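Shared between the two complexes below is chain A, which pairs with chain B and chain C, respectively.
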Partner chain A sequence: MPDTATPIDKRPLVLLTPAFIAITALVVIPMSFILVYSFYENVDLAVDRVAFQFGNWQALFSDNYYHSAIWKTLRISVVVTVLAAVLGYLPAYFIAMTTFRHKWLLLLLLILPFWVSFIIRTLSWIHILGNQGALNGLFLWLGLTDEPLQMMFSEFSVMVGLIHVFLPYMILNIYVSLEGIDRNLEPAARTLGATPWQAFREVTLPLSLPGLAAGSLLVFVLTGGSYVTPLILGGPSDFLFGNLIYDAVVTELNWPMGATLSFTLLVLLGSVVILYSRFMGLNQLSKAFG
Partner chain B sequence: MTRKMDSTKRYEKLREAVGNGDVDRRTFFGLLGSAGITAGLSGGIMTAMAGQARAAGVELHFEGWGGVVSEALRKHAFDPYEAATGNTVIDATFGGENEVLTKIKAAGSTSGHNILHSSGVSWYKRWVDNGYHVVLNEDNIPNLKNVMTTMIEPFRAITPEGLSAVPYDYGTTGIAYNTKHVSKEKAMELGADLLLDKELKGKIGGWGGDWANRAWYGALQSGQDPNNIEDWDAVWEKAREHRELVLKYWGSGAELMDLLAKEEIWVTEAWSGRVAALQAQGHPIAYMDPPNGLAWMESMFVLKGSPLAEAEELLNFMLEPETAIAVAAGQKYPSSLDPTKVDMPEEVTNLPAFDPTGKLEALVFRDPQTWNPQEKKQGAMWNRVKKGG
Partner chain C sequence: MARVELKQITKSFGILKAVHESDVVFEEGSFTTLLGPSGCGKTTILRMVSGLERPTGGDILIGGKRINDVPIHKRNLGLVFQNYALFPHRTIAENIAFGLKYRGVNKADAAQKVTEALDIVRLPGVEDRYPSQLSGGQQQRIAMARAIVIEPDVLLLDEPLSALDANLREEMRVELKSIQHRIGVTTIFVTHDQSEALAMSDKIIVMSDGRVEQVGAPAEVYNNPASVFVANFLGASNIVDVDVKGRGADTVTLDVPHFGAITLHADRATNLGDATRGKLVMRAEKLHLADGASPEGTVSTRGVVEAVDYQGQLARYFVRIGETRFQAMNMIDGVPFAEGAEVSVVLNPDDCSVLANEA
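Entry: the complex of A and B
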């Protein structure tokens, strides 16, 4: 009897091995260390005792201080994501649909901000929204106001900074998704009697949803993990959960609590990815990326 | 001259210069554009080549507070030291010593960290408690004899077997106010309570980085002796009252100067030298030390694992009267040299907090015996209060 068993194709395993090794070494093992560290006890500043105790986790679950920070982080992340989606769709649509010969130039402009440090881009808002910034200068020059408007160091300026930094991720994802749509579909809908708006709403928008969702996921997760933007652009009340981690690790030198908070943030943002996977399917991400 | 400074730090320094009026806006944007092009074109290649270029001599890694302070040290101490010895001082800026301690703990070694512009006796004790100190050979630092005894004693009390640092400068954290918006009479009348003036809501700043600074002012505002606080609840209640009025808690001297220069804030507690620098640049900022205002001293702390002979050589060089006076005039903080032993020029004697007696009896310092035991609990409390807790 001839051997009809299909030989096992080892190529996927070989190809995936470097990625598995990298993820294990750079994500799984460090996060395991962080989890273990969360059970240690901080006895004094920068002095930790090896232990297996739940004091840090108990503090996390019982203290409203942490809960309010989580809530604030989720709220700001949702608002930033929604605004980025609304603001990002338009340019993405324009770039995807334009017949401009040098479309690459538009894409280059889109990724140009990545050439400049994220911190510098964030600090630049002080020159725009500050008391002596460009906007206040314009308002005063036009006579719209007698004295500078207080725009800096508020939740508004933090959101502006976050949207500014993360908007390209949203635009690129939507663009890739729009670019993959058959150009004949909208005209086809029009010939069937749809108005331009109907054609967009019932054909283009649904087909671009994977990109919109992928961009939203990225912006949400990146916003949720931010801490520098509120530090630079925010006032006393403008902080995210990441700022609590910074406080615990750097200013209080309490690494066990910092580890507890870090792992919590990982679980929270990981849950969002799992929810996304449950409702959208992670395979949608690959569609969005072409 | 060697400086370990990334593009972001360069940008912050440039922004500070613009804020101070040292660079006009057109030049600023021109420099920014040039920097972008240069960074894009040269980037890593130049960095690698620079590394090879400074191969000779011993490298000493120095970390300090940035801004005018680092500029003064670079110009008046490190550059001449490098020229005289062939050694290299690589200086970097930190946001606070806790950053350095976090890095050292994470790396498990002090490699790349040699000398810190360390803040006060409290941090000296912390470095010692964590086992990162050395025993300096004082015979190699003969200029130490000119340093005020009253500044050396607190450090020697912690490490009687030998110093791990040399005291270098001192100053105060008082209150800065914009004279266009706040009168001197009002400032003097209210003292520390100027930071709680409801009329200035949204125009008040505060240092966010140090719990003890906030607690010190909370103690003054609640009528307590800062070195003998009995009612911590009252202290934090005052901090909460202050928080309601604050526009921004600043995190560095550069940010403090920027906020004051741009008139984002009109009143804040502030470091005396930074305010003196703003005044020298023509900004309408006045400074006052309220009764029992906070004084502090800084040292040059040598970390374990550093090349000791070269570190001692550098410290001795920095304590040369000529060097120390030039640095003091540049950074606007009085030198640790005893003015009864070393003649001080007018530009130093006119500095805020300068004490001609060499005994510093008029200044009130933080007592580490009462403050350090509180740090774990009250430091966490401050982070909470700062965020509205």
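Entry: the complex of A and C
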């Protein structure tokens, strides 16, 4: 047959293949196993029976315990994300706008914490927020209080720990999009009559939204999936959805239930990512820049 | 519209003194150009007028009022940046109307003014596009429209044409000047391009190393450079040491090496003062090469063409006369002179100027 049709360009396919293989082997196949496992039946500790039954899913949908864990995880993720965005914007703005010659040093400082184990960084809060911790010591010494304040092993300490661990991701994302903004835009707005705050709100803030959005999504998803921080810094009732999975798999040795919960978390966080990029779309935002 | 006056203004960045004590006046309604090589402090002066930079010393007066301490957003100036600095997330209409909303202009009036501004810059109908959808020259016009729509007291233009290609640049040069003429706003224009400065300005301020070298109308700066720097910066010049042989009522007679005695009108010797030695400035484009013997009644000498830089309708010749190398820019009439050709070098005294030796 004569070659009349334009030949299909194979290069995109070739370039995408490694990613497809990796995602299939490392995500799709394992998650399929987990989905299949969620239909098995747990007979005794660590003893599962191969089956196709909906007992685990029924438990998930009917038990309020799971529902409240989902709502709680959602609530804490939102609060942590919002606080991280607010707390992260200032340092990101400072690093991006500073005329300090050795900016790389500031960025290095941001990455420095990653050299210390995340567990150790989390544990360090006990020395700060604990009954004998630095803050209570200070409050007692200043006479602000007679009794140590109960700050550790609460929802508060969990949020503090989560913000602490995830803040660098937020700062880096915001920093990158601030760094990409033309330095003359704010001065341009100023000469046209905007006060410094108005110039920031009208120009810099909207132009840094892509970074803010990306950082927020990242922090939200990371918080939604975390379980070590609540384990270390939380009290008995300060668990996230991830802790339920941990309990099911490690403590109760009930793998089918653990699989059910894992798949649920994946679907929940996956939907957030999809909805987010669909409506607040990262690519949507980038359109404004041509 | 207002007169701008800088009094003993200085600016230091750490140990670097970017602008030395300078007194500069920008007359009301005039088009004044700050001209100088890269790094001489032109942008710094503009930024001080706009308020983006604080002077280290001295005063800035706009319309007679000292504005050193007036914040940027209250100065009512239109600043056009070298890279235009249009807001990429706003449409063209929103860009142009940006300054209007801080001036309490209502929506309907703003839309009307945006349309008018787009007419002035001859780019109607692009209200709903985004800056990235316009070409460089069009973006430049929008930047201009955004600056003039607020009816600024002073329009500040920082190399607004330097990002455009050569043809568009000449077109926009005429356009810009005519816009300025129509609205009559006091304009401070920054450039390092001498032909831009000569073509557009009412007054040129030549700067070098943070100092004002000369202030004057284009013809004045071109014809009577006050220093060797100015002579060289505004086009190529041949500069030779000369002795003053005599002075008439309104003439000066000079002894020029190789060429002999020439007599200049006193107008062309204003920068000589009472000096007995001076520097004669011969513009490369005013030195004419001719075939064969020197024409009668001209000041001329013999030279050898050493190199030819062919530029289409023009040629730049490097001619050796004795020990000195001269530059001559001539229109090509027929065939250009070849390397090694023996030529007459003809000088018209009326085209020369002389300045005191120490300048």
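The definition used in the following text is that the second predicted complex is superposed on the first by the 273 of 290 C-alpha atoms of A that agree within 3 Å, B and C clash if a C-alpha of one lies under 4 Å from a C-alpha of the other, contacts with A are read in each partner's own complex, and residues count from 1 in each chain.
The definition used in the following text is that a contact is a pair of C-beta atoms (placed from the backbone, for glycine too) under 8 Å apart; a residue touches a chain by one contact, two chains touch by 3 or more.
Quick caveat, the model's predicted, so the values are computed rather than measured.
Upon superposition of the two complexes on chain A, no clash is found between chain B and chain C, which fit side by side. In the superposition on chain A, A:143 contacts neither chain B nor chain C. Judged by the touch definition given at the top, the superposed model places A:130 against chain B, while chain C stays out of reach. Measured by the number of chain A residues touched, the leading partner among chain B and chain C is B. When the two complexes are overlaid on their common chain A, residue A:193 makes contact with chain C while staying clear of chain B. Contacts of A:239 after superposition: chain B is touched, whereas chain C is not reached.
With both structures placed on the common chain, the touch criterion links A:12 to neither chain B nor chain C. When the two complexes are overlaid on their common chain A, residue A:117 makes contact with chain B while staying clear of chain C. The minimum CA-CA separation between chain B and chain C in the overlaid arrangement is 38 Å, rounded to the whole angstrom. In the superposition on the C-alpha atoms of chain A, no part of chain A is touched by chain B in one complex and by chain C in the other. Put simply, chain A touches chain B in their complex at residues 42, 44-47, 65, 69, 115-117, 119-120, 123, 126, 130-132, 150, 152-153, 231, 235-237, 239, 243-244, 247, 249-255. Partner chain C is touched in their complex by these residues of chain A: 182, 184-185, 187-195, 198, 202-203, 206-207, 288-290. Residues of chain B that touch chain A in their complex: 7-8, 11-12, 15, 36, 40, 96, 98-99, 101-102, 105, 126, 129-130, 202, 209, 211, 243, 246-249, 251, 258, 262-264, 375-376, 379-380, 383-384, 386-389.
The residues of chain C lying in touch with chain A in their complex are 50-52, 71-79, 81, 83, 85, 87-89, 98-99, 102-103, 130-133, 146, 150.
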